[in-house]
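Once you've had a glance at the structure underneath, I'll fire off some questions.
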């Protein structure tokens, strides 16, 4: 498996079809429109100039809203994933 | 529900029609013109290079003036919301 | 009323006509030309990476010279105001 | 009178004609060419992220060389002045 | 051999052909698409304004996903390598 | 005379003709090509956010190589000088 | 001789012809392609906002790989050299 570096997060995009009743719908118009996905793996965080480690603020299993802008698409075993910078994570679903 | 990450704030835009007598009117000309909305949920804040958490300065229920510039539109249960960076919050209504 | 957030200042523009003899005249040519206005409300200030609060340096009632660049126009009860970033405040009138 | 804010300086431009023999001549070609002027009033200085106040380094009465780039022209009692950011002050005349 | 300076990493690109069953496939469309490679040598890290050394977070032998953007191609004994800034390293393979 | 402000340095350009045998020749093609000059006066240095003064690293009389990019041309008593930011000083001649 | 200032390094480019068998070959296509050279002289380093001196990390005699981007070409006694910012040094040869 892949372990993200820095403050990156490996995200498995949720199928837009899968989130209909009561779920969150995100416009597909713009390429930069926010999307939803499931966090698969999380990097250690950002190391500041002070040598402090700032964690990403999310954990594996979280359903996050993110912008594709700043993310890198990769395929693992024919499945599409994104490596998203934690600054591109906008929100997390709460139950 | 959605929990914003970082210093983002989830805002429900107020209908321009709803704010007539004595209310605040905001020009609709430019896309970047400031708008009013109600804060629905608030992120924990911005973590600085020192590891300090700077809160967003607003709370759920606040009526805020914000610029759409830097905000991300999302739909939850067919209702439109914005995830706004706290730097795009300009002012809060006081009673 | 509106309470500015961060280091923003709510400014009521002075009518150019109102400032003739002995007053300060500001060229109207460029959109970015400095203007004069009266401070109506003041945000708490800018929070630094250290968590320190840097106040805006002006107070309600001050007559300030500001650049419109970086300011946001809003209307309150049909009157035009500006939410100006404190970095766009250039000077304050002294008696 | 006007009191500059931040690290701005109020400058009264010297007439190019006034500085001929032994004086400093500055090319007029480019708009950004440096000019000479007399400091009329000085802002308190720049407040850093540490909360430290860094003074402008000049005082009223100083004859300074400055670039107009980054300065704002204003008129006080029909006389032209500039509000110049202290970073645009290049040098000061020494006797 | 080459010793990278700063927070740079010397990477030997993996042949796209070599990573088929169960491996990670990366789209070749865009020039900036992420690629996989083997870390050959690692710089000491980034020196912060405090004089602190922040290591790169990877070690020789690691299989990393990286973006070519920000990398410099060089040839050593007719073999192609990349000197990649550690900020361009996205993830590392875990067994 | 002029006293530079901040980390600026007043430089008297050396005539390209004057530096032929054994001297340093600098290409004249590009406007940004480095030039040689003699340091006439030196500003106090750059004040950091901590309030620390970082001196320019050169002294009056030094022969420096500099880039004109970032420098401001001025004339004093009909002689051309440059006010150069210390970041535009590349090297100093050693005997 | 020239003493580089700040974190600059004086580099004597190696002739591409001189580095054939077992040596490092660098593509000549792009202007920004990395090159090899010999360090002739080294500046004291970069002074940070903390007043700390960060040395360049190389010494005279080192064979370095560098990008010409960010470097300044100069001629000393008819021989071409480069003044390269230490950030443009990518790697150093190890025996």
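The letters A, B, C, D, E, F and G name the chains in turn, as written, and every chain counts its residues from 1.
Just so we're on the same page, contacts are C-beta pairs under 8 Å (C-beta built on N, C-alpha and C of every residue); 3 or more make two chains touch, one makes a residue touch a chain.
Model, not experiment: these values are computed from the prediction.
**Student:** Once the Cα atoms of chain C and chain E are superposed, what angle does the rotation have, between 0 and 180 degrees and to the nearest 5?
**Tutor:** 155
**Student:** With chain centres taken as the means of their Cα atoms, state the distance from chain B to chain G in Å.
**Tutor:** Centre-to-centre distance between chain B and chain G: 50 Å.
**Student:** Measure off the straight-line distance from the CA centroid of chain B to the CA centroid of chain E, and report it in whole Å.
**Tutor:** Distance between chain centres: 40 Å.
**Student:** Nearest whole angstrom, what separates the Cα centre of chain D from the Cα centre of chain F?
**Tutor:** Using C-alpha averages as centres, the distance is 22 Å.
**Student:** Check each residue of chain E and list the ones that touch at least two other chains.
**Tutor:** Correct list: 49-50.
**Student:** Round the ring, starting at chain A and heading to chain E first, what is the chain order?
**Tutor:** Here the ring order, chain A leading and chain E following, is A, E, G, F, D, C, B.
**Student:** Quick one: which bits of chain A touch chain E in the complex? Just the residue numbers, please.
**Tutor:** It is residues 1-6, 8, 10, 43-44, 47, 49-51, 72-78, 83 of chain A that touch chain E.
**Student:** Hey, which residues of chain E end up touching chain A in the complex?
**Tutor:** Residues 22-27, 33-34, 48-50, 52, 54, 57-58, 64-65, 67, 86-87, 89-94.
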